[in-house]
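Got a structure here, written out as structure tokens. Questions coming.
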Amino acid sequence: MIHFESDYTEGAHPRILEKLVSTNMEQTKGYGEDPYCEHARELIKKACGNINLEVHFLVGGTQTNTTVISSVLRPHQGVISANTGHINCHETGAIEATGHKVLPLVSEDGKITAQQVREYYDEHWADSSHEHVVQPGMVYISHPTENGTTYQKDELVKLYNLCKELELPLFIDGARLGYALASEGNDLSLEDIAANCDVFYIGGTKVGALFGEAVVITNNSIKKDFRYHIKLRGGMLAKGRLLGLQFETLFTNNLYEEISEHAVKLAMRIREAFEKNGYSFLYDSKTNQQFPILPIRLLEYLGEKYSYNFWTKIDETHHAVRFCTSWATKEENVEALLVDIEEFHQSN
Amino acid sequence: MIHFESDYTEGAHPRILEKLVSTNMEQTKGYGEDPYCEHARELIKKACGNINLEVHFLVGGTQTNTTVISSVLRPHQGVISANTGHINCHETGAIEATGHKVLPLVSEDGKITAQQVREYYDEHWADSSHEHVVQPGMVYISHPTENGTTYQKDELVKLYNLCKELELPLFIDGARLGYALASEGNDLSLEDIAANCDVFYIGGTKVGALFGEAVVITNNSIKKDFRYHIKLRGGMLAKGRLLGLQFETLFTNNLYEEISEHAVKLAMRIREAFEKNGYSFLYDSKTNQQFPILPIRLLEYLGEKYSYNFWTKIDETHHAVRFCTSWATKEENVEALLVDIEEFHQSN
Amino acid sequence: MIHFESDYTEGAHPRILEKLVSTNMEQTKGYGEDPYCEHARELIKKACGNINLEVHFLVGGTQTNTTVISSVLRPHQGVISANTGHINCHETGAIEATGHKVLPLVSEDGKITAQQVREYYDEHWADSSHEHVVQPGMVYISHPTENGTTYQKDELVKLYNLCKELELPLFIDGARLGYALASEGNDLSLEDIAANCDVFYIGGTKVGALFGEAVVITNNSIKKDFRYHIKLRGGMLAKGRLLGLQFETLFTNNLYEEISEHAVKLAMRIREAFEKNGYSFLYDSKTNQQFPILPIRLLEYLGEKYSYNFWTKIDETHHAVRFCTSWATKEENVEALLVDIEEFHQSN
Amino acid sequence: MIHFESDYTEGAHPRILEKLVSTNMEQTKGYGEDPYCEHARELIKKACGNINLEVHFLVGGTQTNTTVISSVLRPHQGVISANTGHINCHETGAIEATGHKVLPLVSEDGKITAQQVREYYDEHWADSSHEHVVQPGMVYISHPTENGTTYQKDELVKLYNLCKELELPLFIDGARLGYALASEGNDLSLEDIAANCDVFYIGGTKVGALFGEAVVITNNSIKKDFRYHIKLRGGMLAKGRLLGLQFETLFTNNLYEEISEHAVKLAMRIREAFEKNGYSFLYDSKTNQQFPILPIRLLEYLGEKYSYNFWTKIDETHHAVRFCTSWATKEENVEALLVDIEEFHQSN
């Protein structure tokens, strides 16, 4: 079985493992205060344009979202998110477990707009009994979104300008950030992202690392005491250097970009193969996740050799599914898939 | 500088790294549902006597304590712990952050007794306004404790029998469990431990793994929906197999025991060296942490080559400090330390 | 200005004040353990059919909802509610503050159906990664709803049977329960309600009391330790007898029914007056809240003498608004309103 | 039976009931936005010296403590309190339920000193792994304390100056504030109290009201959005005017002072009667609670006519108990008690 159902099926990029092996018996301080973390922080700062920012390393995405959001909000505040946002759907209520409501905005493609945020905000404050309603306290977006879609620079700038105007810190979940940066038509650099939010994270788990998310904080009030929050939420890794070593490797010799581009290139080939055969897509993704709408017969045919994710039922004979590539996807596996798609069409 | 200040200064046992490297490009399911986790669970079950239990893997200790405790308690209940317990002192209020008070019992050595628990329980229920007071809902102990001390079998059996009688689930924090099992005078096997509590964990982070704690649940009501709790508290590792691979390795060919014994043997040599020179100890530890009370002059002398942890001031000229060994401690480093202790005494 | 905008604009029914005055200098135990609470509990038990139930008194609705819901759910569970439910909209995230997500079902009229609950439940458990999603743990409905609509007996029985089948405790918010019981077409007695849920409350604040909600628990597992939960959520009134005295009065000589009927009768007259003039309603309410859709010109005309609640904009010339009656509404005020409605129509 | 066991055994001062009765059928806005609340706020502001402060009304003490503390702290912070503090002992973990640890300082008499706070603070920040420990975020004291003891002006000023220096907001629980203000030797006015803390409350429940606590906030950052916090914690009374009416009455014609003085005067007579007969006291209280250490034989003798609170066992033949007076205590009942104490001594 060849796996296309997620982007965390393999271990880590070989250079990361080499780094872990070669430093294994060194003795360092724990909890992220070692020289490798320090160096990784420097590399990330540089990649973000050397602005005044702080970098912290956590293990996983849910933990990171929970730690950041609960560190920002006051008890009576909630976090605005697309209704499809990861924090609203797939974290078992981790945000609510810290006492905060997720305030969902309806989204077709996973993105939310400045206009939507403004309307929600205005409606809240126009309500004469607004004290009976959760106060919007920050904005959460994913880039790319859970649907593989991405923000353009003008969209992000507009959203962030609004957030600053309304004093709603903007947090970008970048669990798959590399794949957005490598996507066709992308006009956002890492520097642009750092300049247009209060806090974001650079995903490692799905982009070449064994695990790890690098939180980048530009807003001074969020920086304050952030290490307490990491510890409090169970995210402070004892052997913190494991995170430093991985991000140091990813941000050396452009590895993060290189492996992201690899994944996106292969995803685009899958996309084109489906397009060529006349299939449409549930979402217009230029990143490593593709959501084609396919006949069940084709899915059954492919399902013998390839695994993918069922996403939603479209009609009696069609399902939307997800195919993922990653830094680890082998070109030959994608080739095989393309051949089989052709095969199916010629014999049907 | 040779580090004795903690037991998480190095990476992982080489066999663990080999395993990670050799399986790196395999594709598996995530979130702990892969064959390596499955196999590791089987090995741990076997080591625990094949009783009816469930095994889950989490990343770190604070996360594990929080997940277990919050999954057991009802909102009005607290967890009984030694006042020196890790959850009461060094987790930035992670337990309280889930809504629960830690109910501390005064302990000199880090242990608590069945007698103390019974008194606390009786006092609670004798209070005519007990509904105004946090209800004791479970008992937490560490084995070994944060002070390096350990429970004897009769103590544990007595405590657990009481807990069953009072319907207070007993949870054992085994972050350093291997070192207790390998300690001189220990009469508790892993089977005994599994048979004498409702839930415990086998620490990996401090005993040879890169990270990882294996939670073993014997109480059926705690088993129910435990995976939800892991996810909810941010502890469900995407590439869960990393945990399975590590525990599989630790529980193959007795590696967990072997490396624990190594650490304890070296700790005992340090202990003996101090004892021989007439020093006493803050706690009577037979495990990998030693807490000698030493003259500041000796500490300064040793401090040039060795790092240790300051623990507490005893008087104007003496401090209690902590020396840790671990699975990774090199025999030659301990030899060097012993020579330097002798050296100091001969020249003073 | 004559107030129709809410049902808590006055104090309490005079008989309640008389009771408070006549018992004022008596000395009783606090915290709900006095003879008046005891007697009130007996009266409520009797009114509920003398089944095996427990009665507790709390001060207000948000407090009651929070206390009940947080006492029932485990940390990974959420509460199913209509999206329009009070707990989802107007409690400043009080439920989330106890760690739980409100799981909203789309509702046009404020009610939810057994069918909707089953679909939500089935969808949850059919999801192969259901552990990443909040587990439905109980069901919350309001009767009457926030929109003034009510459940018929067959609807409630069907919903409760399903809840029992799925092991989802059913909680009925009865902040305005009296007005449902007194509504035209109602076929649910208090006994029926007690027999068809796990826990509900009988609203006092909006039905004749100064304040107070009587929680009735039929499910044994919810009864356990409930007083701890009341104290924990800040709801245990020191002079608890104030609650007992009020509910004793309300449940003596059918006062609760009598004053509810008064309010509903007047609401129906308002309803008919609008109907007669051809206006439609946002919701089909037979209870004390009426939601007519009215021309802005009429609203401006009435607004000079009467206050009402703006509800929502329908189009450029029409708004939906809320008129409330209560136990305290004066017949003469309703008469005056009816005259003015007629007046407006004759002169326009 | 004559009750001396608590200060909430009766209803409310007659003038309060008269006020409730005379205004009963008026229609006002809810949730504390009515003219009575507004007037009561003005009266309290004036009594506090007309400084820049905000007044909010809540129903009970635990609710008030929870609302204030959770509105001040960040998630990683705890509240410093005497170990005997109400929040640490008698609120069923309400503070922890909002996610925060109570940080207890050992106190013999219920008070804490500036010196103790400084030491705790310094110890926290001196710890190199302070991020693993709950950060002190505010200070809570009771005045009078749960033991009836009170702060002198110089003690409070010193404590508050330190709190300002360390940026730890100071919160004074004044559930029995009136009795401290009326106590012998008191040198603190209400103005002094308002000037020497960030937030405090004026207790109504135990000082003449049916219920109600008036929170006075002087610190601007605590004022922000405080009404959201009240609603969120279930403390926003629908018929908020009930609170306004009560505090308006208490702060008219010095009623609050007058009834407090009454209680304290009677408590002093009880104290003197015990003193005269050679008994000592567990705490040196000049307020309405007295904690004599008495022979069990005397307690049994008095127990036939009077109820009191058992406090603690002193030895085989002596218990410490609590006698409370209040605004409602009848002089004749105290006289009777004094006679019986004498009686016992003459016949023994």
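Note that the chains take the letters A, B, C and D in the order they are written out, and that residue 1 is the start of every chain.
Note that in this section contacts are C-beta pairs under 8 Å (C-beta built on N, C-alpha and C of every residue); 3 or more make two chains touch, one makes a residue touch a chain.
This one's a predicted model, so the numbers in the text were calculated from it and none came from an experiment.
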Report summary line: Overlap of the subunit A and subunit B neighbour lists contains C, D
Query raised in the report: More C-beta pairs touching across which pair, A-C or C-D?
Result: C-D
**Report entry** Where subunit A and subunit D are represented by their mean Cα positions, the distance between them in whole Å
**Finding:** 50
Query raised in the report: If you average the Cα atoms of subunit A and of subunit C to get two centres, how far apart are those centres in Å?
Result: 42
**Report entry** Inter-centroid spacing, subunit D versus subunit C (mean Cα positions, whole Å)
**Finding:** 34
Query - Sequence positions of subunit C contacting 2 or more other chains - result: 75-76, 91-93, 97-99, 129, 131-132, 135, 228, 231-232, 236
Report summary line: Per the touch rule above, subunit B residues touching subunit C in the complex are 31, 70-71, 74-76, 98-99, 129, 131-132, 135, 225, 227-232, 236
Query raised in the report: subunit D touches which residues of subunit B in the complex?
Result: 75-76, 78, 89-93, 96-102, 129, 131-135
Query raised in the report: In the complex formed with subunit C, which residues of subunit D make contact?
Result: 1-3, 6, 8-12, 14, 17, 20-21, 23-30, 59-63, 66-67, 91-94, 97-98, 205-206, 210-211, 228, 231-239, 242, 328
